[in-house]
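In structure tokens below, several structures.
In what comes next, subunit A is part of two complexes: it sits with subunit B in the first one and with subunit C in the second one.
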Partner chain A sequence: MIDNSNRTNKFALKARKKRGSFVERTLATLVSKTEHALFAEELAQADGFLQKLDPRVKIVGLLALILAATLARNIFTILFIFAVAVLLAVLSGVPIRTLAMRAWLSALFFTGMIALPAIFLTPGDALFRLPLLGWTITAQGITTAIYLISRVETTVTLSLLLVLCTLWTHVLKALRVLRVPVVFVVILGMTYRYIFVMLETARNMFEARQSRLVGKLGASESRRIAAASVGVLLSKSFYLNSEVYLAMQSRGFRGEVYTLDDFQMQRRDWFALVGFLLAALFAFWLGRQDSLESLLSFN
Partner chain B sequence: MHIPDGYLSPVTCAVLYAAAAPFWAIALNRVKKLLNTRLVPLLSVFAAFSFVIMMFNIPLPGGTTGHAAGIAIAAIVLGVWGSVLAISVALLIQALFFGDGGITAFAANSFNMAIVGSLVAGAVYRIVANNAELASTRRVVAAGLAGYAAINAAAFCASIEFGIQPLLFQDASGAPLYAPYPLSIAVPAMMIGHLTVAGLAEMVVTAGVVAYIQRTDVSLLKLTAPDAPTANIAETPGWRSTKALWIGLAALMILTPLGLLTAGTAWGEWSADDFADPAVREQIAAASGNQAPPTAPPEGLARLADIWTSPIPDYAPAFMNSAEFGYILSAMFGTGIIILVFLIIGWITRK
Partner chain C sequence: METVSNNIFEVRDVTYLYNDVTALAGLSLSIKQNQRVAILGANGSGKSTFLRLLDALYFPDKGTISAFGENLTEEAFGDEEFAFRFRRRVALVFQNPDVQLFNPTVFDEVAFAPLQLHWAKDEIRRRVAETLELLEITHLKERSPHRLSGGEKKRVALASVLILEPEVLLLDEPTAALDPKSQGRIVDFLIDLGNTKTVVTATHDLDIVEDIADYCFVFQNGRVAREGTPAQILADTELLESTNLIHAHRHSHPSGVVHSHSHLHRFHEHEHEHKNGVD
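Entry: the complex of A and B
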């Protein structure tokens, strides 16, 4: 008996050391996705600058800034847009910590890893030679790495602001204004709803499995469970589809979709629209100033 | 493989929006005709399904984990055009509501994964399955290969999009403005990861799901194979009995480049220049039972040699003779070895 319990303890320890089984890790991902969405919904209803704007102005304005950031041909323009983005975040009560954790650090890690070798691999004027390795750092390499990282950081911040400060129902309505076909908008809206149904279903499936799990899962057994879970989810989604379809039909759905557009532009919205467009236009202009490029040359 | 904003120039993004638009239009037309009013709920639910399974953590042989995109599953169950729409919607939701993948790069991501991925998956599945029984092992293998091919085709498109950026967009000093690596680096760097981990994850999940569907609800496979016979349900789970095929696949991948590495040219396929080269002359002699070839190329051969210069000399267009193609070949070779090593590790650890 004593021997047996010891062995179970060892099992538990081993399992904990391996950062959890694939069931636990998948559960964690599913939960964090739901949490992010709930957090966004909460923040979108808060009382801030972006939240109070008409969603159409917000989407057009933020998209214009994203476009300006991707078009810019010098670092200063990108930094200017980044500063505007941070200012918007502060005005809208988005915690800088959230931005740092969800946008800046992950983008810096991911893009940084990609950009780092470019410092050595981009042909150009040699700046510095690494001792021992003999790799040459080029001025063009550093410039291109800065371009990539700053651009990605800026656009990621702007799109996260859009996600965090807009109710998803408002994004959908605003897409209608941007001439996205109504079928697509309806599909997007329904998909968004059913994502949470599916997330919940998947979480229940994995929790049920986890609660019946004793000891450690082998790799091939895990794969079998993963594939079977996807299969079960597939069957369930077909079942859900026919249920939803019947429900829609019983309420008179004949393939046509109507939406209520009840946005009203306030004076504040017009001011904000002008502000956004001015900032974007200034950034377009600044981004095309070739004379600024030489300011950031390392040779 | 979700490309964020900032990696691709706005021009590239615009071109890809233009390239993706006709596919979306065709897909919407086709699917509308097929489903009529059913279109909206089916696509919504399936897009939600694709979104959720992208979060599954798939344990791979050898201890790594990967994520599947579910492109081939969508293409097999919904058909190619349904899959194009469902995956596009899932990608748009990720970009707009969750901040994964760029907004300006949405068309690029859709083009790579939803459009190219679905088309490749559908084609590979159809060709390999070739009207086999719905519950046959062959369909499991076809599904696995479709998943593997789809994810790699998508990654290849993405790597080309990355690779052309530094050629086209530089600032005055010559520093690339967007993705910094030329094709010779972008292609192998993307492909190594996808030929191994990502491709394997997609393969495992797609094959596993089709094997699972065969045992539980075979009618789900009916849409893309309406004429396939459905006689008897496989007695053994399809996935298990495919091991020999995976080993064969690994062996084939390792062997692929060997054909190009062996010395000499095929017998009888000499060119006019070969007759002047003493080294090649020796090879020809050795291969022809030690009969010395004529010192000059036969007159007819010399005369006709210049009439048609093939656009693909020695079966390889100019870019294939370059370093990039070598990288791809070595990546394929490496992948074959890696699959084999995973299989061996799996076999040893089970003992």
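Entry: the complex of A and C
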């Protein structure tokens, strides 16, 4: 096995210290993407609750919970599903900090930007008027924003748990259960496979450039380097593409791909599937209870 | 596809061009059944192109190539049955393993070829397990190719074609860019294969030729410059020098003498004269 961790960390540290140059920033990004992938693979092979389950169970179970969160008509149901997601993360050894950094903060940021106008634009009972601007915050607006943000946070957490606790290769295979066409699954698999080859190529290119670089690059020179690097990478990817096609042909590929989906359900998988479905059904039933809505209603 | 003679491949006056650049220019040769052949030549001499022609990935611009008594043409490969039979019998290991390892895991990689040839799934599982065992890579089964070392990638690439138990194995620079231990493993494997298969190896690594081949073709400018046994070829210093397979370079002796001349590195203790005036 290639152990790139020392090399990776060295570059990451170096790149973090000096964030000035365009080449260094690009290198740091390339390194961090590789680090993320390596971390995800290590976590996916850890000895946690979700990691032990059949990927098909995880996909069906977590999707059921996502569906229940999306259809819920009261906040308690969404919070209940969010709590289940956090519990699953703890049982699976997923650091809460990782969830916070990768899911919660980014979801809050992006959804917040969408939800923010709703606070002012949704008609309803005025709660507060902003000084100077004179914009009115309505109770219904706040409710809408809370619903949107909590739904997104919950579903993103569940999705991230699936990705962090399952090898990507297994996620792809398990997608076949959902009748995703085999061509689509194979293309995703090959994309994932060659992302690392291209990342390595890009990193080598930027390292080679950095080793010959003295001083700081101007904006136009940085743009020129970026454009040239994209061009070289594109041409390399075209070459790789034709070579891979030949390699596939050489082993019998004639335009249609056949794959082997090789999962076996264990007893714990059946228990987990029933557990997931019961939790989702309960959440679905709970989510249909309008009376709970009134507990948090601003009306 | 019945073999009508002892020759597996008959290559007659083959020319192949990449746009306007000539890769092979009127090349002719024959390869016998269960023969171990080395294709020697410097970079750009047409070795890789030749292997791709033998594997019917490319087709000649001029001349003919026949395998097992049948002409390899694009029309012939339009017939699925013919194509499947050929792919089952002839396998190519590419020089760059990243090209060959396009599946998400080692298991999928080894299972790819039999799946495309519509083998029964239980048979595939059994054969994958046996092939992984044969190349001592069972522990890598669930590993993604980007997490393998160079030597491991080469062994997986070999496994991915050996699962079909091909009659002909085409190897493009099998030991290139490998550390000595990994090189040794590949060479040991080829030695163990013995004469049970036809093995055609393109290489410019003269150190392994005697171990992996009974017969050699030396390529130069897309033609066969010379053919013969490894002993005959390796003894012809003039030929090796003219085909850029060896070159004169400086080296030192324990006596302190430093001088320059062409030699094979495998013969560390080689006899030569120190002429006056040559340092």
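Keep this in mind: the second predicted complex is superposed on the first by the 271 of 299 C-alpha atoms of A that agree within 3 Å, B and C clash if a C-alpha of one lies under 4 Å from a C-alpha of the other, contacts with A are read in each partner's own complex, and residues count from 1 in each chain.
We adopt the following convention: a residue touches a chain if its C-beta (ideal position, glycine included) is under 8 Å from a C-beta of that chain, and two chains touch if they have at least 3 such contacts.
These figures come from a predicted structure and were not determined experimentally.
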Based on the shared subunit A superposition, would you classify subunit B and subunit C as clashing or fitting together?
fit
Tell me which partner A:Val197 touches in the superposition: subunit B (first), subunit C (second), both or neither.
both
Touch test for A:Trp168: subunit B only (first), subunit C only (second), both, or neither?
both
Which partner does A:Glu41 contact after superposing on A: first (subunit B), second (subunit C), both, neither?
second
Applying the touch criterion given at the start, work out whether A:Val244 contacts subunit B, subunit C, both or neither, answering first, second, both or neither.
both
In the superposed arrangement, which partner chain does A:Gly252 touch: subunit B (first), subunit C (second), both, or neither?
second
Looking only at contacts as defined up top, I'd like to know whether subunit B or subunit C touches more of subunit A.
B
Touch check for A:Ala272: first (subunit B), second (subunit C), both, or neither?
neither
Least Cα gap, in Å, left between subunit B and subunit C after the two complexes are fitted on chain A
8
Output the subunit A positions appearing in both contact lists, the one against subunit B and the one against subunit C.
168, 190, 192-194, 197, 240, 244, 248-249, 253-254, 257
What part of subunit C is in contact with subunit A in the complex they form?
52, 55, 57, 80, 83-84, 87-88, 91-92, 94, 96, 98-105, 107-108, 111-113, 115-118, 121, 124-125, 142-149, 152, 160-161, 164
Subunit A partner contacts - residues on subunit B that touch it in the complex:
4-7, 9-10, 13, 28, 36-49, 51-53, 55-61, 63, 65, 68, 70, 73, 77, 85, 89-90, 92-93, 95-99, 102-104, 166, 171-181, 185, 204-205, 207-209, 211-213, 216-217, 220, 239, 346, 349-350
Give the list of subunit A residues in touch with subunit C in this complex.
1-2, 41, 167-169, 172, 189-190, 192-194, 196-197, 200, 240, 243-244, 246-254, 257-260, 262
Touching residues on subunit A, where the partner in the complex is subunit B:
22, 25-26, 29-30, 33, 36-37, 40, 63, 66-67, 69-71, 73-74, 102-103, 107, 111, 115, 118, 121-125, 139-141, 143-145, 147-148, 151-152, 154-156, 159-160, 162-163, 168, 171, 183-184, 186-188, 190-195, 197-199, 202, 218-220, 222-224, 226-235, 237-238, 240-241, 244-245, 248-249, 253-255, 257, 290, 293-294, 297
